[in-house]
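Worksheet for the structure shown next.
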Amino acid sequence: MASMNYYSLVLVVVALVWAPLAAVAGDPDILGDFIVPAPMVGMPPTNITGDFFTYTDFRAANETMPWPPQYFVVIKANMGVFPALNGQSVSYAMLVFPSGYVNPPHTHPRAAELLFVQSGALSVGFVDTAGKLYTQDLMAGDLFVFPKGLVHYQYNQGPNPATAFSAFGSAAPGTVNVPASVFGTGIDGVVLAKSFKTDFWTVQKLKAALTPPPK
Amino acid sequence: MASMNYYSLVLVVVALVWAPLAAVAGDPDILGDFIVPAPMVGMPPTNITGDFFTYTDFRAANETMPWPPQYFVVIKANMGVFPALNGQSVSYAMLVFPSGYVNPPHTHPRAAELLFVQSGALSVGFVDTAGKLYTQDLMAGDLFVFPKGLVHYQYNQGPNPATAFSAFGSAAPGTVNVPASVFGTGIDGVVLAKSFKTDFWTVQKLKAALTPPPK
Amino acid sequence: MASMNYYSLVLVVVALVWAPLAAVAGDPDILGDFIVPAPMVGMPPTNITGDFFTYTDFRAANETMPWPPQYFVVIKANMGVFPALNGQSVSYAMLVFPSGYVNPPHTHPRAAELLFVQSGALSVGFVDTAGKLYTQDLMAGDLFVFPKGLVHYQYNQGPNPATAFSAFGSAAPGTVNVPASVFGTGIDGVVLAKSFKTDFWTVQKLKAALTPPPK
Amino acid sequence: MASMNYYSLVLVVVALVWAPLAAVAGDPDILGDFIVPAPMVGMPPTNITGDFFTYTDFRAANETMPWPPQYFVVIKANMGVFPALNGQSVSYAMLVFPSGYVNPPHTHPRAAELLFVQSGALSVGFVDTAGKLYTQDLMAGDLFVFPKGLVHYQYNQGPNPATAFSAFGSAAPGTVNVPASVFGTGIDGVVLAKSFKTDFWTVQKLKAALTPPPK
Amino acid sequence: MASMNYYSLVLVVVALVWAPLAAVAGDPDILGDFIVPAPMVGMPPTNITGDFFTYTDFRAANETMPWPPQYFVVIKANMGVFPALNGQSVSYAMLVFPSGYVNPPHTHPRAAELLFVQSGALSVGFVDTAGKLYTQDLMAGDLFVFPKGLVHYQYNQGPNPATAFSAFGSAAPGTVNVPASVFGTGIDGVVLAKSFKTDFWTVQKLKAALTPPPK
Amino acid sequence: MASMNYYSLVLVVVALVWAPLAAVAGDPDILGDFIVPAPMVGMPPTNITGDFFTYTDFRAANETMPWPPQYFVVIKANMGVFPALNGQSVSYAMLVFPSGYVNPPHTHPRAAELLFVQSGALSVGFVDTAGKLYTQDLMAGDLFVFPKGLVHYQYNQGPNPATAFSAFGSAAPGTVNVPASVFGTGIDGVVLAKSFKTDFWTVQKLKAALTPPPK
């Protein structure tokens, strides 16, 4: 140790330890190649084929989606719909933005998001736990990483649709939609007025806009 | 345990795998009893004493705080201020609520929060990733757990101050304050108006209220 | 394996979750907001309310405990008694020390302990794996961290009762009580005499004092 | 990035990892929002902008690649070239297959691979540890998951080029190319002849084909 | 999900624990001292004795093995055959090499291997992900570590048998036998010929040698 | 932070890696094939050879140890003495017991121990957190697993020496020797007398026997 060049060797880990706080982590480890879901456990092994490891909903969406798209479309390939991902610590989402659409501020409690813009352009941003905003204007072909657990958004400012594919380091990253969680779930208006330092009437207006209609 | 039947026992694990999505995880494991911070590494071992493992800021706050408190006070005992916690995966916060104070919706990206109400009373709530709100009115002596990574708040509705101690399963849980992150960091007004389905004027009003003054 | 039936196969996972507590590690990560225990899995979601995330035994103990306390009281809020903690990697214990009481040397195999002295005073200590003893005299309001897996104790030397709350970075930290584990479980007297470099008679005396009476 | 001092950049990764990439596990958890690499640690926070979280090599490759491609092209977006991924447990690779190209059997020691076929078609396969082969013919838009650590390959059988994007649940998944590792690294011919149950001459032929020329 | 019955739900978790072995990671952490396997869960605790934590197959093999050995013998003490290892993150293998035997290139997807040569001598090697070969000639009493997930082999070049004991940092390290996985599982000959840069005839010869006969 | 100099910043990470051993958990995951220790980082890659992955102290001990052994011998192959184990989550210990020797009750805070009796016989035991003792008489060739973090001992009751090799699922399992930690480190006699429900004189006798002489 005594002969080490301390200066050059060690700085990165300092960053690891002393960087501003906040983040998340990983899926549980597994003790097998993959996890066979319940309905297939009793089946003969020959019933588990390459089909189990294949997911075709992105293709299906591509083939049937009207173009230009009229609505924001998000198709998730996580373990809820693609069970072979269970235990593999990775998932995907396909995002289609009409011109002018904003994917509102949200967090993924269990994973960072690595976004790839396939077509069009997107303006993106996230806020770190020190309250600093980072933004970027992305073109087709660009990648952007939203660190774990932080509030972020995407905005298609341009005249054309945008298509993106996001990779997550969890089979079940989860999503907390900020406007809907805060104003659309019945949190008491007084709590919200005080939290947002605003009047009750403004809170009611936001609640009315963001509360989903009863089913 | 003896009175549980196997049928129900089995289901708990199912829940583990198929429960609605979203959560977080753990601090990095360490390979020693504890981590000695930089300025102490070169010192003789006798310089590391019980003092290193002791934190007295809660006591100091207690002794000097005016009562009833005029402002919300939060004193954190995390690895940023109490370095012995590094690698120990646990931390504390002391919270003092004046009557009527709301701790606004926020998340801890790296840990669940287990809140203990020491005195007074608190109304609390959190929203899961399915958009369901869970609330509770807590009395002195009660515990409440806010699951990892979810939006939650505390509200002291009563006439008296309330004091709480929160335990976290991370030495650096981090905090994302939702109103400040969303409306106080300079996110473009168009993005926010579209996200909250409201008009630009309302967004400007919220930004004005929630943006910290320049230092 | 081939001859196992599904019924018994299922039980192995139950054991994973409900086996008697103690081991070594961070808690397993989960893939959901929280884990619903077996008896609630079949219920409609509306049955899971804020009550599930609330624990009131500390309050109940507070209200009924004679004062000054005659006995050492420890009330645990871990996943064994507060199932909502499962997967949240945090738990609490409330400790009430009569004057003069010693909480004997013990380890928590799965977590560090972050102790907060609420009232009274405590003298505490732990021993690292290099055999060095760290001690401290704590006053009301002080925090002290016992690193993971190390032998530690608390002693109320003062004339008044002491109350403490300990946070743990695991929902199931487990406890190995050293005197009881070593002298109260039937380990052969020769083994103990050689281990403690003492005579058989001394071992017998310690065994007599520390072996719990048959039930 | 281009303007960074490579010498110091290199040290960052050496320090963190202390070695060339590849191993086995989930990525280490971090205690901050993100990890700032060594050369940026001393800089004012304003030097870290959205650019740090952006990666443009996929776009650059797209713009300059001859079409149809004459060679297999793989562009990696892992923490070695995109430092913001450090601690975020996710990475990407862009793969361009000329007609008839085979990406030879290989493993990723640290992550599952979730492959998305953007254009063209690919025939893929992997072998589990019980020695069972799983295959699939993928069309544009399809996803396929190669479980962690298993031997797998991709083959473009069709007349057209194929483009794919693979997501990994690690910022540094690593790659073990099987033919090159086994026959191209100087393992003794006797060892290989016995291992592959073949004659020395066959081994020599394979070694000649797979050993990279000296630089 | 709504249409799933509990019986099948339960099985998914069984798969988690008992699926065929191999993957990538540290073992999952547990929340108890040890995991009692299915058939013992219903039994009175007194049925779990020291026998459960004992494994005698190495002794049995020792006592019955002809000497010198005629065949390569590998006896595994992993959680598949020694259930008490479940959750303990460690396992063993006993390896007996006749003179001249090669244990062919293979990987363990879930653990490093720490090999101890008890008797005889072994020549060993592994290849890192940069394609560098590391070799060593080991004598009785020597230890060698094969890092996680890398291709490695052992060769008994000497005239005498060799015996080794390997420790693994997982209760289920898994094994990917490279020659058998690549040439013995039915991967298309064209894929292999292109991958190994050889002719179809050579591939057929290797397949014939390495494909296990139908049972 | 601003006032810290790099020299001291650097040391914190050294402490992380090289601090005295013992704690609780699985080992940290790594992002490379292996970790090159500080003094070798600056060297050309050719300086890292198979020797780095080889450990010969067991062989050396074997060759020089008097037989029958007069003292208990324990030779550890952990990352403290065999740096290539860093990040590989596995280590070994070689144990030589003279006839009649007891390895006193101890715990390994970071790993289970999988003991293999190479020669002779050993009586072993451990106590779970419910206070139940598990014992076994092991013969040469037997394996026994001591679960993570629990108090355990080994006793050579027979007339012959015994040799054992223990595998651990951590590169730095750590050891807490119970008699020495409790009676040999200066814990106050009153604390110990109360803890062990015995008289002060007995405590003094045990302290005298177990406190190491000043160096």
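Going in written order, the chains are labelled A, B, C, D, E and F, and every chain counts its residues from 1.
We adopt the following convention: contacts are C-beta pairs under 8 Å (C-beta built on N, C-alpha and C of every residue); 3 or more make two chains touch, one makes a residue touch a chain.
Source: prediction; values computed, not measured.
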Going by the touch criterion at the top, tell me which pair is linked by more C-beta contacts: C-E or A-C.
C-E
Relative to chain E, the most remote chain by C-alpha centroid is chain B
Of all chains present, which has the mean Cα position farthest from that of chain C?
D
CA centre of chain A versus CA centre of chain F: separation in Å?
44
Chain C to chain F, mean C-alpha position gap in Å, rounds to 24
Multi-partner residues of chain C (at least 2 other chains):
6, 10-11, 13-14, 16-18, 20-23, 25-33, 42, 110-112, 125, 128-130, 132, 147-148, 150, 170, 174
In their shared complex, chain A is touched by residues of chain C numbered 6, 28-33
List of chain E residues in touch with chain F within their complex:
25-27, 29, 33-34, 45, 48-56, 58-60, 62-63, 77, 82, 84-85, 87-92, 111-114, 116, 118, 124-126, 128-130, 132, 134-136, 138-148, 150, 165, 167-170
Residue numbers on chain C that touch chain E, as the complex places them:
1, 4, 6, 8-23, 25-28, 42, 79, 110, 170-172, 174
Could you please specify the touching residues of chain D with respect to chain E in the complex?
20-26, 100-102, 104-105, 107, 109-112, 123, 125, 127-133, 147-151, 153, 155, 174-188, 190-191, 194-198, 202, 205-206, 209-210, 212
Contact residues on chain B for chain D in the complex?
25-28, 79, 109-110, 170-172, 174
